[in-house]
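Multiple structures follow.
Look for chain A in each of the two complexes below; its partner is chain B in the first and chain C in the second.
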Partner chain A sequence: MTSVLINAFKRLNLSIRPQVKVISSSYSTAVTTANSLNVTQKEWKYPPLYTKPREVWIENLDTVEEKKLGLFELHPSVYAAMPRIDIIHRNFVWQTKYRWVSWAHTKTRAEVRGGGRKPWPQKGLGRARHGSIRSPLWRGGGVAHGPRSGKTHFFMLPFHLRIHGLTSMLSAKLAQDDLHVVNNLELPTDESNYLADLIENRNWGPSVLIIDDTDIAPRNITVATDSLPHVNIMPVYGLNVYSMLKHDTLVLTLAAAERIEERILHHLNAITTEQQREFKLSQV
Partner chain B sequence: MGSRQITEKSLSILRSLPRISVGNIRDNPGSKVTQKRGRGQHGGDKHGAGNKGSGQRQNYMRLGYETGNNPFYLRMPQEPYYRGHHHRREYPPLSLLQLQSLIDTDRIDVSLPVDLASIIKSGLYNFYPEQKQFGINLTDEGADIFAAKINIEVQWASEQVIAAVERNGGVITTAYYDPHSLFLLKNPKHFFKTGAAIPRRMIPPPDVIEYYTSAETRGYLADPEKISQERLKLSQKYGYELPQVENDSFYEMLCERKDPRQIFYGLEPGWVVNLKDKCILKPTDKELLRFYSS
Partner chain C sequence: MATVWRSQCAFARLLIGKIAQNPNNSPDLCTKLFQGPISVTSRNYSNYANSPFIERIKEQYEYDIIKNPPEWAYVERLLPFDTIPVVTPKENYPSGWIPPREEAVHLPYFVSRTKNHELPIYLNITYRGMRKITKIKKIEGDIWLLNDTLKAHLKETAGKYVETRVHELGKFIEVKGDYVNVIRNWAHSKGF
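Right, the complex of A and B next:
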């Protein structure tokens, strides 16, 4: 009910000033004309209630110089959420820890070679009593409470902290002008120099993370990024806080931006108690 | 200052700050406190654990053990008021206040009849039919501020609750569900996936027949004529004017009731819900029709 009203208001608001924006029904038609820019107007399943959508330029990759192809709306709950540095940090710690298996290893007094014989009699020598030359007190003895190999540091960050880690990181990237939306990943050439020039020209950070909706990226961009270790391509389902932290600039395709928005909005608005029940740890 | 301004402010501050990266993030200060017992703290005393024994070693005796005495919990051979408690039906409470907040936060759609399934679907009512729970006991907490006009079906309700619902022009029914139907209502998708036909709802056991056939408790087996009389009586007892359901714009919705044999709204016993092909299969065989129509 409320969403219908809000959508109605949104349309009303836009129709008052049509000289600024031309509403087009789908973003595929968003192209520059001589003097008017097409704005992608989106109908979200969960429209923003109290905040306005964020607008970003749709850029191109087929020329080194940046062309602005249109404006694209991003949902504020995903791309303009509260940038919680602590949640980003907890996600970072989680991602480094869950895959970390510590192989550090020390031998206990039982595992160190020898030490079965009592070094000297218990009494009568005026020396301290000892039962083994491999006791932790001895030089060359075993280690008490030392690290044992194959220790996992796996733990699971709560589901909603993972979701909020993504929204915080995406929002921080957008707020710091490090998030760019491109229409597609088609490059005119497969030379890595072209991509390096493009990144240099647009003042994107040296390291760039490119996110696409599909698993298979176009050939030119895969070949071009092959020899650039700091430019990486990733499908939407691989998007994570760690990679976003590691790369200076995040480049999303239109489809990827929408897909990320849709998935995160779904989880932000879903009741996940039942879904998360089986993953709940430390339950009695 | 609302949260929106805080978010906007933080984002605008971020614009002028260095890029967030691995090197400049940290957790909130004080979020991780490692409890350490300093050996020299408080003059190196016992830190509240006492000298020797269970206090220091945490090897406490099991609960109720009295070091060889006949324990208190075994001294009395039985507590008769608990006899048969494991057979008794349990109706976990839901207050009118909770119901109102479920409605206000859009977790329940009041433009449709509300039943046990929709309240469970809200995610905020824990219900375990395997623990002899038989449905909702709607309690009168928050009856004064209850303001929703609903068609609700619960399993147990007191007179005050009935009055609170009917005062707002709503309708309340108390209905019995046998345990098997309750499992279906709790997780309909799980049942539909089995591909079995929706069973009939069983009739109530003898000790609650009276409750569910009486008009005072708005039982689902009661005579509708008597229920409308009782509605009027109750309004006079509690001193409110009974809103006319007939003139209501939601008349159709407010009049909707389940058949005594029906479990889900809109689905009749004997039907099969096919989730894969997204269709409903209805029985045509005469024998089946006769069985399910009773």
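Right, the complex of A and C next:
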């Protein structure tokens, strides 16, 4: 495996200088034969000034062995941001909390059965004063300030922390070589063995998250991933920090990578007063 | 909706009475009912049975719908920007804003502009004005080299040692004291 890769690199290094073809935003035609390589150079609306764009290989899914179909540029503001672990953690906490409703419940002294009668007279017995056997002081009494059920933990994380969480997570994935870009999601078969072999062959780790631009994936991959609980498909609008943390490898299609880039770049360069407003429960 | 309309009717009758001639195509404020002189006897419009039915308002103007009219350009001019526009290059800017220069990109460190094309240099005042911290954000490249250069420059300008604090992960440097103008001039001289 490694020797094959090294050989491929040697060939590329030898041939890359004279044969690089620069294509502007027509990546779909980027196909390599043995010695030629197409590099997609992109025209961004907000071109990076200082940090260089990150380059990733475009891979394929139609063979088990990995084929490099070309190089693809990713915007550094989105895919090479500083991986702020604290922001990723805040996103994680937010995503676990906003959907959490706590159903823990205790009875107060009023709800515990009995205790309506004064257990003994106030004076004359030499005993402590008590008015009810269900007082919180008593064994078997009600609970003072205990949990009451149906408690929501919903809150909204500030808008730019959500954006920054996504960029941090994507950048961390790319930096750790856990982000792969594929040309499309077309598989030759609908057998899950094929996909499992492919993941095994490419060393993609125990779990894979596949992101596509559209929410209708090709039939073969939906059938193949249906019986693989550790391989999941998600549309671009479902991309979130929690899922990226949960899965080992992130596989983006070309269109998805571009779409994520475009949306995040837009929010990084737009007036976001509306999104930064205080969240109201009735606003959706 | 019906209840709202009916209550409007009652309200309108109290307020404007006969004077309202319904000038535009505004919702017909039940003018049909008040064609004649206003009767002194009251009618109970809070009653469902007595209130008038809502009718379709007659269109008073003729219009036709066209796609992409030439006037749409003027409407577009009024719409808010989708994103913050790129600065148009000029000889000088009357506001005193200084554009970033090309050669700054070749330095080992870089301070990028904010999305509003301003320098990310801020003054944080805390402890009731007792502590002033100048913060330089969005630093890319070698932040420690920038720190050294900036410290040397500040020592030269301020005539004394100036304490700084580098946050590499947060990509910012904090300088103890109010040095916003000094640092801003320094950043402009570097071309950021």
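Convention: the second predicted complex is superposed on the first by the 249 of 284 C-alpha atoms of A that agree within 3 Å, B and C clash if a C-alpha of one lies under 4 Å from a C-alpha of the other, contacts with A are read in each partner's own complex, and residues count from 1 in each chain.
Here is the rule we go by: contacts are C-beta pairs under 8 Å (C-beta built on N, C-alpha and C of every residue); 3 or more make two chains touch, one makes a residue touch a chain.
Because the structure is a prediction, the values reported are computed rather than measured.
**Student:** Are chain B and chain C a fit on chain A, or do they clash, once the structures share the same frame?
**Tutor:** Overlaying the two structures gives a clash between chain B and chain C.
**Student:** Could you tell me if A:N269 is touching chain B, chain C, both of them or neither one (first, second, both, neither)?
**Tutor:** In the superposition, A:N269 touches chain C alone.
**Student:** Is A:E111 in contact with chain B, with chain C, with both, or with neither (first, second, both, neither)?
**Tutor:** Neither chain B nor chain C is touched by A:E111.
**Student:** Quick check on the superposed pair: does A:M82 touch chain B, chain C, both, or neither? Answer first, second, both or neither.
**Tutor:** So A:M82 meets both chain B and chain C here.
**Student:** So, does A:Y50 touch the first partner chain B, the second partner chain C, both, or neither?
**Tutor:** Touch status of A:Y50: both partners.
**Student:** Quick one: chain B or chain C, who's touching more of chain A?
**Tutor:** B
**Student:** Does chain B (first) or chain C (second) touch A:K246, or do both, or does neither?
**Tutor:** In the superposition, A:K246 contacts chain B only.
**Student:** Looking at A:R90, would you say it contacts chain B, chain C, both, or neither? Reply first, second, both or neither.
**Tutor:** Touch status of A:R90: first partner only.
**Student:** Mind working out whether A:D177 is in touch with chain B, chain C, both or neither, as first, second, both or neither?
**Tutor:** So A:D177 only meets chain B here.
**Student:** Per the definitions at the top, what is the overlap between the chain A residues touching chain B and those touching chain C?
**Tutor:** 50-51, 82, 271
**Student:** Please output the residues of chain A touching chain B within their complex, sorted ascending.
**Tutor:** Residue list for chain A touching chain B: 50-51, 80-83, 85-86, 88-90, 92-93, 169, 171-173, 175-178, 205, 245-246, 248, 271, 273-274.
**Student:** In their complex, what parts of chain B are in touch with chain A?
**Tutor:** 2-4, 6-8, 10-12, 14-15, 17, 19-22, 25-28, 31, 122-123
**Student:** Could you please specify the touching residues of chain A with respect to chain C in the complex?
**Tutor:** 45, 49-51, 82, 84, 266, 268-271
**Student:** In the complex formed with chain A, which residues of chain C make contact?
**Tutor:** Result: residues 80-84, 105, 110, 112, 115, 140-141, 169-171 of chain C touch chain A.
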